[in-house]
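When the chains are written out, they are named A, B and C in that same order, and each has its own residue count from 1.
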């Protein structure tokens, strides 16, 4: 087993690897010996190949850059008037990048050493918001990322062919409510997504969703979510055996629910 | 505060040291926390915990604090003093602007597809969007641009200046594209969506809003 | 408790009465709370709030408490003292972010260079950073600020309020100082510190919520 593999794991990229070589061989970063460092660098890439590591394109690109700089150094200098003095050294840009990268590499470690919330320091855990209790004012703080994500979801959804005819006879919100309640029976909770699994058609999903909304309205279930975008859980709001005392759910339902909401199609 | 210094050798932490730690545990717990649970985490005797809780209670009684220690559901919890309820409620109401998922989806569609009709929004979302649309209109994030010149003359919607302000955008052309967003994802399974977007955005849509 | 009844008509609450109320407001808030928000809810001058916060801070310094008052993300929050970390972790209500080195590096670059494009990040790091960027966006430590007004209109990124909260920073100007240069010799400690920070900080970078 080569002793390279443990090391290689630790390199973020070619700049990181170069910094490592400069440090290890005590090179002067402002006067990098190109021949030495290129040899060292290529040796590591070879080692990566021998142990069947995929050498990422970035590493190969850097190898080419190193060779290019080396070859430029070998060429006789042609003084160009337009060029700044600094640019005369073909290594200048590489040195700049290395110094810059090192700066951020170090500060990221400084940052990580600070006491972090939920790692060293804890704040009071605010009570969990009840999802859907307050639908319109919602609970998700929003940024452009959320907006894009929402849009992507919408388009992902609408990729599937649309069924324009909704067969109302097959679907009843009431039936779906009873089905959900019976699947909650004897359980503490169900995951929201589980109610939508099993290849439901779009209209079946809508009915399921309406059933859930109705259950929330009737305060028979509650939705809870632990984190942003976390799993949404469905809990019975009252013990289910208490609910059995109510003969049927049907009486409490708004009879218009299904019809109204399907009006759009 | 009466310092209860114990001489017992067995315990790692005396009550004086233990009290703020117990306060921290109760403070950070996500609900009432039982003395035995704290004893378990600290690997000390439950009696030690009880002494610290007692010290904490005395401490709170001695000087005015914003909260008090309540024994509830077999555990302990810090709760704000009831006389502050009005102020706390007031604060609860001035919450930052937050969105539900449906609102966000609808807003995203309007932002990227404007001018857009309600039917188009609902076709994309697959659900009725009337109430969400109403909320967005009320919050002045969306406005009616006019009527579409097709049979039925449906209303067309677009975003407002407030929308731009909320997202910190100088104008609609600064909306990031879904294409670049998709490129953040490894693999190319998202390529399907890229061709659909961005829709051309008419700058003058928001002009008259200023 | 000495009731200090003030005769001044202007203020409803004096600092001594106000302090526990402010403590309650900070305690009950679901994140760092701004002084101006408290001032708004109590309908008093912000200076009064600041006096109470100062009193609270002194109070916490005087006697050992389980938590301390931290100024973070432009507001105030009670947080447990770091020395209790082990015990609190044991109680299991911690879901700390586990940063990979790429994630930390990318986050650092965004924090110090914002507004910054993905291409700039990748040039600095020398590697593709799309998936790391996406993770940071999902964790809400980074957000899209808009698009850069250059050809191709790339998205520009910046850090969020959550970023400040996570690292306990009052604002972006409190970021640790970048070391301009450090000797790369092994074990060499000759580090030159420079004050080349922070880059201009736009208030609206963190203004998005709260």
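Quick notes on this structure:
Everything that follows uses one rule, which is that a contact is a pair of C-beta atoms (placed from the backbone, for glycine too) under 8 Å apart; a residue touches a chain by one contact, two chains touch by 3 or more.
If you're wondering where the values come from, they're calculated on a predicted model, not measured in any experiment.
Among the remaining chains, C is positioned farthest from subunit A, on the basis of C-alpha centroids.
When the C-beta contacts at A-B and at A-C are tallied, the pair with the greater total is A-C. In this assembly, the C-alpha centroid of subunit B lies 16 Å from the C-alpha centroid of subunit C. Subunit A and subunit B have centres, each the mean of its CA atoms, that are 18 Å apart. Centre-to-centre separation between subunit A and subunit C, using Cα means, comes to 22 Å.
Listed for subunit B are residues 24, 27-30, 78, 96-98, 167, 169, 175-176, 181, each touching two or more other chains.
Shown for subunit A are the residues in touch with two or more other chains, namely 122-125, 141-144, 148. Within the complex, the subunit C residues that touch subunit B are 1, 16-17, 19-29, 33, 37-38, 40-42, 63-67, 78, 80-81, 84, 87-88, 90-91, 93, 118, 130-131, 133-134, 137, 144-147, 153-155, 204, 207-210. Contact residues of subunit A toward subunit C in the complex are 12-16, 19, 22-24, 26-27, 29, 56, 58, 62, 97, 99-112, 114-126, 141-145, 148, 227-229.
Within the complex formed with subunit B, the residues of subunit A that make contact are 122-125, 135-144, 146-159, 162, 202, 206, 209, 261, 263-264.
On the side of subunit C, the complex with subunit A involves touching residues 27, 29-31, 70, 77-82, 85, 88-89, 93-97, 99, 101-102, 104-105, 107-109, 111-112, 123-128, 137-138, 140, 143-146, 160, 165-168, 175-176, 178-182, 184-186, 208-209. Of all residues in subunit B, those touching subunit A in their complex are 24, 27-30, 78, 95-105, 107-109, 111-112, 119, 122-128, 131-132, 135, 166-167, 169, 175-176, 178, 181-182, 190, 192-193, 196-197.
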